[in-house]
Amino acid sequence: MNYNHLIQKVYTKIEAVAPQGEVASYIPELSKINPNKFGVHISTTQNFNFGLGDYQEKFSIQSVSKVISLCLAYKILGETIWKRVDVEPSGTKFNSLLQLEADNGIPRNPFINAGALVICDMLISNLENPEEDLLAFIANLSDHKVEFSLKIAASEKLTGYRNVALCNFIKSLGNIDNEPEVVLDFYFKLCSLEASCEELSQLFLFLANQGKTLHSNLEILTKSQTKRVNAIMQTCGFYDESGEFSFRVGIPGKSGVGGGIMAIHPGKYSIVTWSPKLNEKGNSYKGMRFLEDFTTLTEQSIF
Amino acid sequence: MNYNHLIQKVYTKIEAVAPQGEVASYIPELSKINPNKFGVHISTTQNFNFGLGDYQEKFSIQSVSKVISLCLAYKILGETIWKRVDVEPSGTKFNSLLQLEADNGIPRNPFINAGALVICDMLISNLENPEEDLLAFIANLSDHKVEFSLKIAASEKLTGYRNVALCNFIKSLGNIDNEPEVVLDFYFKLCSLEASCEELSQLFLFLANQGKTLHSNLEILTKSQTKRVNAIMQTCGFYDESGEFSFRVGIPGKSGVGGGIMAIHPGKYSIVTWSPKLNEKGNSYKGMRFLEDFTTLTEQSIF
Amino acid sequence: MNYNHLIQKVYTKIEAVAPQGEVASYIPELSKINPNKFGVHISTTQNFNFGLGDYQEKFSIQSVSKVISLCLAYKILGETIWKRVDVEPSGTKFNSLLQLEADNGIPRNPFINAGALVICDMLISNLENPEEDLLAFIANLSDHKVEFSLKIAASEKLTGYRNVALCNFIKSLGNIDNEPEVVLDFYFKLCSLEASCEELSQLFLFLANQGKTLHSNLEILTKSQTKRVNAIMQTCGFYDESGEFSFRVGIPGKSGVGGGIMAIHPGKYSIVTWSPKLNEKGNSYKGMRFLEDFTTLTEQSIF
Amino acid sequence: MNYNHLIQKVYTKIEAVAPQGEVASYIPELSKINPNKFGVHISTTQNFNFGLGDYQEKFSIQSVSKVISLCLAYKILGETIWKRVDVEPSGTKFNSLLQLEADNGIPRNPFINAGALVICDMLISNLENPEEDLLAFIANLSDHKVEFSLKIAASEKLTGYRNVALCNFIKSLGNIDNEPEVVLDFYFKLCSLEASCEELSQLFLFLANQGKTLHSNLEILTKSQTKRVNAIMQTCGFYDESGEFSFRVGIPGKSGVGGGIMAIHPGKYSIVTWSPKLNEKGNSYKGMRFLEDFTTLTEQSIF
């Protein structure tokens, strides 16, 4: 399939669309971003790479990083991680705190904040130097170097009362082992990772390649684990718009409030879009539009 | 792929497993079923058919029928149906009534009871003879004749206080047009449909075949609509165990409290299992086990 | 205390206030009422009676009747009624259905619709002719004759989907013995009772008189039962504005969507106000204002 | 009324009862208490004082202190406090977090932890030396000296993840002005206050005396404010057992997990009981029993 032609076509169309929604403003650092940024990059299992727009500019990947932390925990701890975090979609926002209480602090899935906090707690308990080991894990995934933004992490820490509440609530329910402050520090670092569309699509290509990196043929996850991570992205990757993304785009993916979306067509490609304005569900408006049109045009989806 | 060999292998293994859980007992008629029944049937887009065990015995398909009503409504009304029913997973059970109230009576998806009731209401408003037209629609899908069980429908009506509550609640919120009693009558009929594994797998084969029947090459749904129905089954087909099914089995499907599960591998096959004992989430224990082992063995999943 | 002077004073002040809010419109019959009606009547345990404004005009007492059904059930069944209905305030509106499910169909108190439906179910099971026996019970309370409005009851039945939902939901949870249709018929009749401020204040005077009628010295409830009914009115009489009424007015009471409020000062008096416009919590705007000013001026409250 | 005789009679009866339930164990310090402690003390507006059992032993008053913080905030800030905290009962436990979110961080009442945290936040913003000023306020209420237990406060701080969660959640919703850590420190101090039954009943006597202390005739609250504090205790003083207390005991009161209960009969007396074993709702088992029997025997209640 001639992906560069198709991407060009859809890019041109979506670029012309006035983005709706607002840039995330809950932390000052994120609100400073130029709302007109728009980049796309695809990496295929056939080693084809193609990008357009601001695809080489680093941005705050935010919750897209929750896929990385999940993969690292899954790699080192295996199926035991599912004793402490479930694989079900979270449903409506009404659900979150009620659900945690009813389920003894077991979050619905590793991609909501509650679940990512529990995954962070696991990593802290099982890694010698959690921050360095996380960066080393990422370094293996591609040739790119990805770093934390200390500015973003500090900004999140200053204003992250909601996450402090969540982490302490789960601690009170018995599903956080370390002190909440330690878990939150690591979590804010994780969210602060910065990468470009190009870097991200190459970094996540192993999820389209049965768990192996393309550049080094390193097994990051087993085939079965890879399938399962993709399955969770499909059902839980877009908060309470996961069904909508599955319905419209038809492949697994994960979004972040920095405006990034990473999506995987198993066996075929990984693709990353970036446009900071978010719809009312907190997902990139242009990114969603781009991916819907792109999968429609390719007539490829997992369904 | 040598499906008959694989099915034989998995069937032998799972047949030996003592089924856990309980037969649905909320209506007397369902509780009378022999709990040891176990059948499997596959139908492929290559026109291969293979069944084992009680695959030719008719059973109460219950909620599997919600896929039929959705497809019929989608066919005749197109994308407008999504104004009255959403495509998001429902989350935990705590959610259902709270969510309906918060969202002005718009159910989360067409596969929970609330959503199926709204779909029934649409069909009643748009079909001349809803019951006959539904059966005629089904008759087109395969060579098989499928009928309502008046006994089951009557039994549901006598004890279906929960569904009466749900339908009147949605009516009070403005998302049911017809009188609740009329909607409920049609809904109970829909749930009472009876078919065998063989019949069901052939009947639903169009969902694996880009929307067209294999035996008559009739377009039931467009390619895009077919993709979307499969996507909704993936995220919403198993109540609050949808994520688990996606995680373990990796293909879209729909279960019913009669013990049936229908699953679709787009482009490849439809498969139906039947075993009446249900796990605590209300899905067939052996059916889930069979499909997990089967997709693991084939190493085929959409992810 | 010179009650007629005080009532005159407060009446003059509140009469001049433009009533805020809306007349109940969920049933056509109620919405036809003249929104400017305003009446007040007090009956004391010293046999003093005084009314102003439209105090002799009958109106639909609606939920004020839930105190009557509770008293009748309490009289004939004693403390056993509390096995099927609790005595706790209901909290926010979010609570109602969630709570019923969590508590196996035991409503929070007898003054929310759920609780009144369960009380109606008890009366049906324990009275030979529920409707006649209810009217006979009321006839004993004072010299006045109170009747159902068949028009109002029919109107409620036609549009009462929410109550149909509630009753069937409780039935499905096992806390309704009779068929929901029978319970609802009786409930709609109960709500349709019509009386004037004068009639109501005399009818409920026994609650201020340690359980005995003043005109006939008949024991309706024991002292202890009377105390308890007043205590429940104090905590649960005004939906999720019960705390506000307790805070501002400081005596037990019960409101209805017909615009009536009945309040009791134990040992002293019963007082009834009527003004159809309701605040956003569903309680009479002018009635609340009147009673707040009245108890402030008398410097009498139970606290 | 011969209160000492009645108290003696009920005390003898309840002392013989084996206390059911468990001593609060969520903080180590509280769990060390001797579960058989039992004390009672009454102080009347006629200056009669009488105690039995362990009525002179200091215990951790815990949430009973929420009445003190409310009175102090009410005194210095007046009716404006109700903009930030409501006066409604909280309903079931399901409610708390859902409700906060729905109501923009406005807690249901000042006696649930959420509400007490908001009151603490007000005090910190409006007092020069919050801790000293609080102790000075208490010192005015009676002749007794009441102190914080630094041990208890430290113990709460170490394990109070739930309160940390709550405070940060309200902060994220905008209804806490100061840093959560500062608010929590003050809150934990407040909860750590220690006093005996005798001291507490004399300290709270002003609530039975129209807002004035008996020993010094100092106006702590106005008549109207006093009425209102009593009204809130009536509807909200016992978590989701407030209705039950109102129903059985019939006077306003406030309990603490240290096993203390303080109750007020307006115009007549304040009474305090202490017995550490708590029923499943978190209220002192023997204390509830004692007060029910006592008010039954006196045939005095506000209803």
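As written, the chain order gives the labels A, B, C and D, with residue 1 at the start of each chain.
Going forward, a residue touches a chain if its C-beta (ideal position, glycine included) is under 8 Å from a C-beta of that chain, and two chains touch if they have at least 3 such contacts.
In UniProt terms, the chains line up like this: A, B, C, D = Glutaminase.
Worth saying up front: this structure is predicted, and the values here are computed from it rather than measured.
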Farthest-lying chain, centroid of Cα atoms versus that of subunit A: C
Higher-contact pair (C-beta pairs counted), C-D versus B-C: C-D
Separation of subunit B from subunit D, taking each centre as the mean of its C-alpha atoms, in whole Å: 55
Chain centre separation (subunit C, subunit D; CA means) in Å: 32
Mean-CA-position distance for subunit C and subunit B (Å): 47
Multi-partner residues of subunit A (at least 2 other chains): 94, 98
Pairs of chains satisfying the touch condition: A-B, A-D, B-C, C-D
Residues on subunit B engaged by subunit C in the complex (per definition of touch): 94, 97-98, 101, 161-162, 164-169, 171-172, 180
Of all residues in subunit D, those that touch subunit C in their complex: 86-92, 94-95, 98-99, 102-103, 108-109, 223-224, 226-228, 230-232, 234-236, 240-244, 246-247, 250, 252, 266, 296, 299, 301-303
